[in-house]
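Next, two complexes with chain A in common: one pairs it with chain B, the other with chain C.
After this line comes the complex of A and B, so read on.
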């Protein structure tokens, strides 16, 4: 396929094919992998405890599941805003085209949603049974429904629960990977676009998903604890930060490997990408994504994970790093999704993208959609208590 | 208790049967509207307009017996824009979107290539480009339209099967089923697709399938004053396209290495044409 971009931008006369002037996949499509990425990443945090037995993550093992659930409920919203005919969205499940990478979305998303919801219900079952006894009226009915009207907490039933939870968590990991690796493949499978067509795309998407998920958990965990005047578990935050460092190193290595290997191969493919990254995307890629939001967090992570930092400072540092890495992933999604579309298939020029504030797919919609999962998380917190210690107090 | 059990099972069975029947009936209802409507009846064929493609009228149309191809002869195109105007009028194409367009290529004395396509070539190229200060060596026009690939990326990626390839060589869109996700627009290596701002569904050149089925040439071919656009059935050994493609002339396709095997051929295209 490299030869297909032959003569690519030999002379940049900035000729853009007439139908390429408009960027069809807007901010909504950049937002969608961002949200599913957080879902996949948060789920993996909880699986580290439930499957791999990382005991220090216990305080957030439940919270991370609910965090994933909250974002999952909002994952399809940007897609519905994007579709030209959103009322036909179910066609994707009614008449799926087996050769389309996108056709699997509905099924993968739905299956994953079921697994996640079941896991939450089983993990919370003893708690929900306890809360049902304590509550009245509407809340009692909600808890009754969520426990399927069962109050059986005998050792045998709890043992069965434990087995089911392990099973769900175990199949949840490959499903979380499929959910997000697959999103990467939607882009990686487009041979017509030289920045997208790489087998590394699913890997990069998956690793950046882990980064955004872990970073989101750390940041929101510390923020909630700070605002509720409760101490955040230091051991847990430190373990999380170590995982964040691990995932981010891998993520950054693959992101750079993609660019470096192309620049070394110097194919026609590279010339198109080179012009893009050093042209219209220079600020958002080299300065934003790589310089400020990758190199600085790497240094900070090295300081946090390799030296003795006192607890207070560690929490401040971890929050800062998490915030920067959440932004890094936003920049990465932007540079891939929007940036990739700036190259015209004429291979002779670039178009420009002008986000609108009040467009259907505009900036305001994007902000509202990013806040929506946090609102859902708040609603969920009224039903499912996030923290084990609150239960103990109760 | 034990006696009641078989009855209970019986009830369950009937219930499951009913659910199954309901599911199947429901699914059928969803699928039935997919049936391709019979395209046309004989009275729709305008007899007063002479047949332009031989072998279509007068007999039942058999898709598998035809293999249509399109040839653009770059050495003949004069850049008048008639094809673009005819196309826009035939399909009421919204401004800023193009089912077909004509590019102007200019090559200067140092082999630099300048390409432009103001308004998709709709106004014709009436004036020379004035922003090139080097002596011009060569200039030519390149009409673009759907490549009707044999292995089309758009058909591969369409999540709902709204875009498909017919056996006679047309890649078409069912706008009743398109969900407007724009995945096909990303996948098309030739950028011939766009999202119609009125219907919010994907749209592209169809090689005037509705005209071809009535024995008429695509409208752009019909209006071209320089015979730069040629269309015909490759299975018809008497057709002009068969003679050109089986002859000694140099014929190329665009972006061959994409592997899509276009049915749109170019005669006389320079290597700079992308």
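After this line comes the complex of A and C, so read on.
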């Protein structure tokens, strides 16, 4: 190679525009769809029982709603950490913009929050009325507020509640899908980014949401039961794992389909996507997300769902698969959100993302934010009992 | 409180209505008054931006006072570069015709940093035929000067080839083309 060509190649490779050096959508923006995904997925688990009548999911039907509620309370935190001026967040409510998907967030989030909270209150009403009678002082005040100061549990009243619960659960499903699908829609709508701009993006986000939600429920359910020395309902765990397998097969197929369609169609800037996936993202995409965290769980799920595995082994296997799939979704969010921004608009080079430990949007913040919903879940568990059997004993 | 079979539902609906009404009133009170007159922004912002004092005022007010620099600058290769690009905004120097502050004149190592903002070859986006770029310290070695030399020891900052052309003229060196 002569000197002139060498010079040309140096100039043509890794050419990053000066305004593309910095990855603006940091880990917080990867964390936000992760948390809302868990909300949507957990809600769908509870809807499987409340709307579609999957009886074996009854033991976790209430828990999954509270799980969704706990994560929903923390869903906006990553966004607030990301904003330069977080105190201006209410402006999206004050000046709604119907032509912006991102600006719709405030209203979508609020409506979904109201529906979820109402569903919890209606489902728990008989329990809350019972607890109100048993408690005193502050707790009595809380239960009085949560039951709207009504102790009427007549069959007529419960029948009305049942109808309202069905209605709320039914409208909750499309709303959960909108809440999470639109996150994918925002990414899919960014035309300038070759890895994001695909109509498959909302579908992939939605399916991965279901995966992370169901996996989160299985893992936390088994962990709580193990640490409280209570038996976990095997039938329920098995049904959940079957749904997890179903959602994950669809999710993984669509994730691969996206890469395949880019590759087969040789879409615009395919060379950049190709270099990205086989270059800076090789370890986190092919080895992490696809190899270790998708192929191995698929094999494990096949073993759990298609063969006769004894109960103890099943619970260990289900916990392991759930943990791996929760990580798979973290990797997927990272590869989409951070990975997508590594390509310079020149389509000829990649920037580098350096996460910091003690940054406003750093690793420590991410860890604290992921622990926050579990703390909220613990606080909620002091007010709303998770399990039906505890009530029966009471 | 005595409660009928649907009293909690009535209270919830009432609560939601109050929530919506308070929200709506809050939105009306807190929304900027001129929002949406022309589009999805505050119309008053246009006037507010127009009323803002200008910070940059082109080369025109600089040159009448700084006549020595003006003479060099207008005839040098840097003639298209704004004074404010290196020295900072005019508003920090003169307000309503009165001198209110000194603008920085870079010296020593700062000069090198300033020059390399444009003349650094590491910035591939600079078109080479418009702006001459160099790699430091290779350029200093090529020219056989000390690596501690600052740019302005050979180049006049207002007319970069001034000294060099003068030296060539004095020594009758002709460019090898």
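Here is the rule we go by: the second predicted complex is superposed on the first by the 381 of 394 C-alpha atoms of A that agree within 3 Å, B and C clash if a C-alpha of one lies under 4 Å from a C-alpha of the other, contacts with A are read in each partner's own complex, and residues count from 1 in each chain.
The rule is simple: contacts are C-beta pairs under 8 Å (C-beta built on N, C-alpha and C of every residue); 3 or more make two chains touch, one makes a residue touch a chain.
The shown structure was predicted, so the numbers you read here are calculated from the model rather than taken from an experiment.
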- Aligned on chain A, chain B and chain C: do they clash or fit? clash
- With both structures superposed, pick whichever of chain B and chain C touches the larger number of chain A residues. B
- Message: Taking the superposition on A as described, I'd like to know which of chain B and chain C A:148 touches: first, second, both or neither.
- Response: second
- Query: So, A:190: does it touch chain B (first), chain C (second), both, or neither?
  - Reply: first
- With the two complexes superposed on chain A, say which partner A:105 touches: chain B (first), chain C (second), both, or neither. first
- Message: Quick check on the superposed pair: does A:164 touch chain B, chain C, both, or neither? Answer first, second, both or neither.
- Response: second
- Task: Please work out whether A:89 is in contact with chain B alone, chain C alone, both, or neither, and reply first, second, both or neither.
- Result: first
- Task: Please indicate which partner A:341 is in contact with in the superposed arrangement: first for chain B, second for chain C, both, or neither.
- Result: first
- Which partner does A:125 contact after superposing on A: first (chain B), second (chain C), both, neither? second
- Message: After the superposition on A, what does A:97 contact: first (chain B), second (chain C), both or neither?
- Response: both
- Query: Just chain B (first), just chain C (second), both, or neither: which does A:18 touch?
  - Reply: both
- Message: Which segment, 57-65, 93-101 or 111-119, is the chain C region that clashes with chain B in the superposed model?
- Response: 111-119
- Query: Which chain A residues contact chain B in one complex and chain C in the other?
  - Reply: 11, 15, 17-18, 94-95, 97, 99
- Item | chain A contact footprint on chain B (complex, rising order) | 30-31, 34, 96-98, 101, 103, 112-117, 120, 144, 153, 155-162, 177-183, 185-195, 199-202, 255-259, 271-272, 274
- Item | Residues of chain A that touch chain B when the two form their complex | 1-4, 6-7, 10-11, 13, 15, 17-22, 24-25, 82-86, 88-89, 91-92, 94-97, 99-103, 105, 186, 189-193, 341, 344-348
- Message: Touching residues of chain A toward chain C in the complex: what are they?
- Response: 11, 15, 17-18, 90, 93-95, 97, 99, 114, 118, 121, 125, 147-152, 154, 156-157, 160, 164
- Which residues of chain C touch chain A in their complex? 1, 3-9, 11-12, 15-16, 23, 27, 30-32, 35-36, 40, 123-125
